[in-house]
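Lettered A, B, C and D in written order, each chain numbered from 1.
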Amino acid sequence: MFVLVNLKAYPCDPIEVAEAAATVSDESGVDVGVAPQAADLSAVAETGVETWAQHVSPVEHGSHTGSTLAEAVADAGATGTMINHSENRLKLADIDGSLDAAARPGLETVVCANNPEQIAAAAALGPDAVAVEPPELIGGDVSVATADPEIVEDAVDAAAAVDESVDVYCGAGISTGEDVVAADELGADGVLLASGVAKADDPQAALEDLVEPL
Amino acid sequence: MFVLVNLKAYPCDPIEVAEAAATVSDESGVDVGVAPQAADLSAVAETGVETWAQHVSPVEHGSHTGSTLAEAVADAGATGTMINHSENRLKLADIDGSLDAAARPGLETVVCANNPEQIAAAAALGPDAVAVEPPELIGGDVSVATADPEIVEDAVDAAAAVDESVDVYCGAGISTGEDVVAADELGADGVLLASGVAKADDPQAALEDLVEPL
Amino acid sequence: MFVLVNLKAYPCDPIEVAEAAATVSDESGVDVGVAPQAADLSAVAETGVETWAQHVSPVEHGSHTGSTLAEAVADAGATGTMINHSENRLKLADIDGSLDAAARPGLETVVCANNPEQIAAAAALGPDAVAVEPPELIGGDVSVATADPEIVEDAVDAAAAVDESVDVYCGAGISTGEDVVAADELGADGVLLASGVAKADDPQAALEDLVEPL
Amino acid sequence: MFVLVNLKAYPCDPIEVAEAAATVSDESGVDVGVAPQAADLSAVAETGVETWAQHVSPVEHGSHTGSTLAEAVADAGATGTMINHSENRLKLADIDGSLDAAARPGLETVVCANNPEQIAAAAALGPDAVAVEPPELIGGDVSVATADPEIVEDAVDAAAAVDESVDVYCGAGISTGEDVVAADELGADGVLLASGVAKADDPQAALEDLVEPL
């Protein structure tokens, strides 16, 4: 299982979370990544944690003021990127373009989507992984694996029907080790989470609880 | 073969094109549709031609000022709609939403895309048809079926791998009967065209040339 | 006072509302316009009511599939258009472009905005009118003129400071004649309203109540 | 005169340009800023150069994956931000929102726009500065101050008519000291430039040429 902690634009200390994630990953052997604001990528990467961008733009080098260039996030230390998060939905053609952009510097990719049909569509574009996150559960207290286990199973089936090599993650409401185990049992290869760690009083303890049952 | 004439925002007379399309369709037995501006849908539908919208919004009845409501275009006489044309690219989630919207009043749907990967993605969302239109050939003098026959064949294969029930159209640069025959031979179920008819001095003659070899 | 009834994508009968608006306008002498879906413009215009588009695209004749061409809405009978409604926010450069587009066929224009600063910005672009509609009050039961009279007065002042020839409308929550009188007394030249008429059991009675005190 | 070097998504070394800008600024006394990719902000700021963001999102702390949070760019060392560059056009309401966001951590702001009408609109929103950049001249070989001096003078007048405290910059095609002097004489308080420095073989020499006549 891969655990990706999305810091969004939360008022957390990205270095504190990154150091906690690096420590927990080392101690548990579970792969834990952290996705901070672009401006925080280099500082987060310096902690040694696996560092992800929250987004890369569907552009090449050139006249693209305000874009997030894949090469720039890679130079800052990112090794992967989220694409099409529900808070940053992209045009279909731009998801395709952002995947091309991420491939140039060798960033790993996870394309987010709302439901199994969109997961199949995302998988058809050839990312490393897709992530199903029902928008109505994001930020809530109930894990997708508990509230809507079928959507996770259907997403796993939908992605496999298109391309068996694409991993499937799930997200929305995940905050405990039981949630992660449930996601694992439903066939997910990883989980996306955010507030459960980023807003925790003790991010390291929150992460230890998360990976403990694995 | 289905022939869909997209009037875009061209300075043509939509009624003249619609009447020409209705006449040619009746005489040839070839299915010819016309997609005008939303404001022209009812006048075009009154000619008896098969009438398509250029777009419907991913919304239900409600507070959506400036949207193009699927029910409104159906009430005006449209029986189908284009979605995600390269001049009106949508977010992945909104293509899904526009397909849901079109299904409510029973509109036929064709989702446009740039390349075979995006065609597979579009097919995964369950439209009636997908249409591959390489952006660099749109509006040009060379037909996609001549300039890039492989992209049409690859699109046909990509859609079939995801869902065999989804028709595949192609577009970009199509203006002659030979172009339509070439598209047919590459496996396409229809063609999208625009300037070749909409900007012709004699739209009826242009359409007659198009369907003559079929 | 100008009264503009925005039908949004509501499940109302646009012809019923248009006929009611035409009747009330004739009987009362108050200028009442109706803004339906683009696909309904010609049917609404045929009732004789003053007909407005909900939006026009910042484009000229050309390759703009899915756009709302100013000439097309004018040909369908519209004599004015809303621009930048809070449910259809545009880029600053596109508000400017939509105003240029509306000017070609001589459409009247009202640019909507959230607050007095944005009203001043909108007025600087040279529309016929601006309309202040606080997003948090749109669709609610309390009129902007009651809930936030200062925002209307400030909008009137802000527009006048930039260009005294620009009319100022207000909207959000307006449903009674008292609301219209209050708007008038705060310096507004017109009101935008929607659900209060479009969702009324008897649109004509609702409009008669609205204009009665004028 | 303020000289702001926008690195866009160019394949330049941001540190080399930043060090050159810091050196030239120190030696000449001319205020020179550098606007790199968000991921490069902290490394650029460490050179001691005045550091600007290319964009900030119209959001507060919260669930905004993929946004560019004003506080994050300020923490990384930025002291100012561009908003609404022609390659990153924003909705009017979002320019207003980005200005509010930039104000929280005290970032200086410059809002870009295409023409004098939009400059007046931008000035009405209360930024520290506005910048007129005719899109057709951006990236070209001819300076706006030479190709279209009237647009600069008109922008200066338009901003002053709305708010005299707002500075006016100009950009597009500026690459020599003569261009900067011409801008100064037309009433501009600063210049935006990009490829002339970012793509120069020797950025420091390019900057020295630029500020030499001042």
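Here, a residue touches a chain if its C-beta (ideal position, glycine included) is under 8 Å from a C-beta of that chain, and two chains touch if they have at least 3 such contacts.
Because the structure is predicted, anything quoted here is derived from the model rather than measured.
Counting only chains that touch, the fewest steps needed to get from subunit B to subunit D is 2.
When every chain is reduced to the mean of its CA atoms, the largest separation from subunit C belongs to A. When the CA atoms of subunit C are superposed on subunit D, the rotation angle comes to 180 degrees, reported as a multiple of 5.
Chain geometry summary: the mean Cα position of subunit C and that of subunit D are 36 Å apart. Measuring from the averaged C-alpha position of subunit A to that of subunit D gives a distance of 33 Å. Centre-to-centre separation between subunit A and subunit C, using Cα means, comes to 43 Å.
Among the residues of subunit B, those in touch with two or more other chains are 86.
Chain contacts here close into one cycle, and each chain has exactly two touching partners.
By the touch rule above, subunit A contacts subunit B in their complex via residues 84, 86, 89-96, 113-115, 117-118, 120-126, 158, 162.
Residues 6, 8-11, 35, 37-43, 53-55, 57, 59-69, 71-73, 75-76, 78, 82, 85-88, 138-139, 194-195 of subunit C are the ones that touch subunit B when the two sit in their complex.
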